[in-house]
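Some structures to go through are shown next.
Look at the two complexes coming up: subunit A is in both, with subunit B in one and subunit C in the other.
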Partner chain A sequence: MNKGSSVYKARGLHLFWRVVWARAYPRIVGTFRERSWLFFETLLPILSTAAYVFVYRAIEAPPEYTGFVVIGGAMIAFWLNVLWNMAAQLYWDKDIGNLELYIASPAQMMGILLGMAVGGLVMSGTRAMIVITISSLLFNVTYETGSLLLFPAVFFVTMAALYGMGMMFASIYLVSGREAWHISNLLQEPVYLVSGFYFPVRAMGFWVAAAASIIPLTLGLDAMRQLLFAGDPTLGFLSVPLEIGILVLLAVIFITGAKLALDKLEEIGRREGRLIERRR
Partner chain B sequence: MIMNWFAKIMDLPLVRKSNGLRSFLIAGWLGWQIESNWTRPFLFAIYSIVRPLAGVMILVIIYSVITDGALQEPIFAYIYLGNALYILVGQVITGVSWAVIDDREHYQTLRQLHTTPMNGYYYLMGRGFAKLTVAGIAVVIIIAFGKVFFHLPVEMAAIHWPLFLVSTILGIISLASLGLLLGSLTMMMARHFWSLGEAVGGALFLFSGAIFPLDTLPAALRPIGFIFPVTYWLEAARRALLGPQAVIFPTFAEFSNSSLLLILLAFSIFLVFFSSKFYSWSLHRAKEKGLIDMESSY
Partner chain C sequence: MENMPAVLTEDLGRIYKIRGPRRKDDPQEVVALDGVNIEIRHGELFGLLGPNGAGKTTLIKILSTLLLPTSGRAVVDGLDVAKDFEEIRRRISMVSGGETSGYGLLTVEENLWMFARFYGLDSSVALKRINDFLQLLGIADRKRTKIADLSTGLRQKMNFVRGFICDPSVVFLDEPTLGLDVTAARDVRIFIKDWLLEQQDRTILLTTHYMTEADQLCDRLAIIDEGKVLACDTPQSLKRRLQREAVFKLKVGPLGPKPNKEAMLESVPGVRQVSIIEKESETELSLILEKEEILTDILAHLGRRGSNLISLEKREPTLEDVFIDLVGRGLDVDTAQFTGDVSQ
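Right after this comes the complex of A and B.
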């Protein structure tokens, strides 16, 4: 950093990269340093996943539905991360006084949002992997391995679109007060329902499933299930290539939307003095 | 107008004399304001209903997909009612521990509260009561929704009202005491406190036979369900609401209605006694360790 008496100053892309890494760092390091989190963060999804698995067993459902629930239950980690650690994060940061520090520093806000996304992805990915592993072992879930190349592609575009959506939400939450908490609360069970976290989204009917596709996990989860389970091929909503195409489009729209919303809402926030207000 | 009524209640001789009752009522009022005053009443009503309704609809769709819409089967009513009644469990159990988190971390008022002459045990009960009120309304609406849209076999004339009322009162006393136990634990925790209520709520959801008969669980796990009062309350309330239409699975076949009530009564007495002792001990320990006004920024 220091070259003699002068101080090195990162600029442009290098500054952006350093901002991303600085914001991602506590989340990535925290995941592995503070391991006691893993108990609660994996126990809760496993409990609810198990409850739905036993519902399917009570009504004698075909075995592939157990796998559907396990994958859906694991994906909840990403959705909750987007809601609480992406969308609501700038609201928390505003509440505890971090936001004004971000804005007063030379850090780009898009870098901070991207850092939050990268850190959150690692954090949730670790938890989702543990949930899938434990639940699969507990309930004897078997997976198809024929699409190992396509699966990472589906996962990557789903996450890009999902965290892009989270970045956009974060900008919108920036100007909200106590409502932020309630909006995040409200977007849990209703989204589990319309996105088909515990059942194939096709069961909701074409138009509901199509409308729910604005949430990237709807199509991502549907594509992952089609690739991982050999069961009835008619359970899928759209074809996997089409779902990948739509997810790429959603990723572009959400990330662009995040940038535009952030610029606009930051300007409004500055003008109306809402960036530093604390309304409890 | 409501404020005037509340002021009149607070002025009643019985309320003026009892510190516990006063703490309970004021906390209930405060809890209601915290729950509801962030938006307009209409939006709040929608907000309070949408989440539990979505939760129950997940089960309706799961059931319909697998059984091809056989909603007239007794197990559907079992699943639907169990999930609807469980809303109370989740809200009351997590509500009390969240009241501690809210006061300590979010509003940062816990230390001020403990400088007042309030009774902390009844204060937390009151905060739980506010959650219970919101959840109770949601339960009624969801059961009515099931009756209208899914022909749930709940008939007003066929409901076993004494069983329903007594079991629900005992069930709520047990739930509130469990909530108090979690709230007391929360006072002594520096980390993960926000997950405590959800973890216990999640475990109860799985082991109490809320949405599937206990017989479905592996034999080794079934006994866990019998150590929670929630299991007995859900069974009794389902029997009361469904009347002769209630399906009784083998795990509860040997339990008569009166034995369910007796077990619930025993749980209630034990949990009220234990939770009040545990609260006093936890409060003392939290003060001693300087945790009572801790702000962890979690």
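Right after this comes the complex of A and C.
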């Protein structure tokens, strides 16, 4: 309890988890309350996926390629979520006045970011599951079930690294203006290409694939494809255990980076008045 | 620390560096606050009165730990805003006029619950307090309405609830009744008064454009302009400063197109301050004169300009007169929004 206050207010880790759940709540509720996304965020990705499937079928590519495209098309939901609902979110929050209220409250900003990530994960996971289910039925995709235990681990570390990266971007965007919007725009399409959303990333050549591995979805997607489709093993970029190891490392780097960036940039923001300025 | 004031600033200054493209001769920085010294006691409702750009919001942003001062220091509830900001945030809250915070998809109750959790409140306690405060502000029936569907007034009432559910020791209200209709503004003012009556150790710092609001609500107030505090006292004491002067309100015919009419009238010997509001068919003059007799000279002066007298009223000094006397101009805001006494 605070001096003069008759109301109990949690502190430390107890407060942190309350903040995480509170900030995740609007996203989770929004997923089920506002259903327009069903059209824009499931039907449209399915159409793009279908285009690639028909190209691969026309050139008689190995049948695993259909599955590669379906998984890649579904993973786009996570990438878009990280770009627009994680990285650029604090820019919007600044614009509507939420950021000031977050910062002036005792809520830890890492809790706010983690809440955004958890909510985003639920939101994007729902979209991805719908895309995978419909596309798999439409294109008759079959999956290997031998690695069912390893697959959740790969998915989890990929998401930890990916949303860790989103948290770091969000921290950096804390003091930015409209440039946040431009950077997100700039990153959206090129990553579809270099991370191999619609084809095995190995096809880009070793160095391009290695450079693209800074985006966690590159290795995550590659590992998931290796586990789910038992085709030609040479289609994978690196071995699955190595990819998991790199993803764990990326998760640690990004989440630590997010914390350091948040502390530093909040201090810069308070000094330069950037936390309180509205859209320029 | 027990004897520390709720808010204390010592030679507080804030300079903004101007970023982004600008012309060579544009200023590189703006002085928003310049040597501000104020002391607000626990239990006080303290007002900051000043025109746009006076530095009121900058002061609130510093006290609410969103902005660092460039000089001097500020203390809230005995804690330094630069060093102890994490502890200060547990004890304060802030509500601004025209706020659009929250998420439109959530209901009023859900939004308020989210913010209450950011302050660490238990869910059940938060929901009970939300319900109680919504009742107090007369919007309990909107608990399940999405905030995207709320009118400006209802949304601002919700913002008020957000500011108070976390049981703050010090509340910063930045133009809280801005843009509200008469009824909503009155409800908000009554709510503020009642809250302070029930929680006598709590403190409110309020910025406002509305003179009557400041006069009726505030225990003490500071008049601020161009980043400097020009006066700080109770509304009664501030008004007493002008009681030796003669304060008149005149309605006269149009003064014509000549620019700088205030300076023209101020050139009449014995005229302390002039404020002019021009309307379609008449002009309103607020005059502060050293002696009543000077009014004769003013009327003669106006007569020479062909402006006839429509009405004349001698008034007791108001806060607006004090403001004009100190700042040299009126606030020029629509005060029609303010009606009703909230002193009950």
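Going forward, the second predicted complex is superposed on the first by the 273 of 280 C-alpha atoms of A that agree within 3 Å, B and C clash if a C-alpha of one lies under 4 Å from a C-alpha of the other, contacts with A are read in each partner's own complex, and residues count from 1 in each chain.
Here is the rule we go by: a residue touches a chain if its C-beta (ideal position, glycine included) is under 8 Å from a C-beta of that chain, and two chains touch if they have at least 3 such contacts.
All values reported here derive from a predicted model rather than from experimental measurement.
A.B. asks: Should A:18 be classified as contacting the first partner (subunit B), the second (subunit C), both, or neither?
C.D. replies: second
A.B. asks: Is A:65 touching the first partner subunit B, the second partner subunit C, both, or neither of them?
C.D. replies: In the superposition, A:65 touches subunit B alone.
A.B. asks: Looking at the overlay, does A:96 come into contact with subunit B only (first), subunit C only (second), both, or neither?
C.D. replies: So A:96 meets both subunit B and subunit C here.
A.B. asks: Can A:36 be said to touch subunit B (first), subunit C (second), both, or neither?
C.D. replies: Touch status of A:36: first partner only.
A.B. asks: Looking at A:104, would you say it contacts subunit B, subunit C, both, or neither? Reply first, second, both or neither.
C.D. replies: In the superposed model, A:104 contacts subunit C only, not subunit B.
A.B. asks: In the superposed arrangement, does A:271 touch subunit B (first), subunit C (second), both or neither?
C.D. replies: In the superposition, A:271 touches subunit C alone.
A.B. asks: Identify the partner contact of A:26: answer first if only subunit B is touched, second if only subunit C is, both if each is, neither if none is.
C.D. replies: second
A.B. asks: Would you sort A:198 into first (subunit B), second (subunit C), both or neither based on which partner it touches?
C.D. replies: The first partner, subunit B, only.
A.B. asks: In the superposed arrangement, does A:9 touch subunit B (first), subunit C (second), both or neither?
C.D. replies: A:9 sits against subunit C, while subunit B stays out of touch.
A.B. asks: Looking at subunit A, which of its residues have contacts with both subunit B and subunit C?
C.D. replies: Subunit A residues touching both partners: 96, 280.
A.B. asks: Provide the residue numbers of subunit B that touch subunit A in the complex, in ascending order.
C.D. replies: Contact set of subunit B toward subunit A: 38-39, 47, 50-52, 54-55, 57-59, 61-67, 75, 79, 106-107, 191-192, 195, 198-199, 202-203, 205-206, 210-213, 216-217, 297.
A.B. asks: Would you mind writing out the residues of subunit A in touch with subunit B in their complex?
C.D. replies: 36-37, 39-41, 43-44, 47-48, 50-52, 54-61, 65, 96, 178-179, 182, 185-186, 188-190, 192-193, 197-200, 203-204, 280
A.B. asks: Which positions of subunit A touch subunit C when the two form their complex?
C.D. replies: 2-11, 14-15, 18-19, 21-23, 25-26, 29-30, 33-34, 96-98, 100-107, 270-273, 275-276, 280
A.B. asks: Help me check something: in the complex, which residues belonging to subunit C touch subunit A?
C.D. replies: Going by the criterion above, the answer is residues 16-17, 19-20, 61, 64-68, 77, 86, 89-94, 96, 99-103, 105-106, 110, 113-115, 117-122, 125, 129, 162, 166-169, 201-202.
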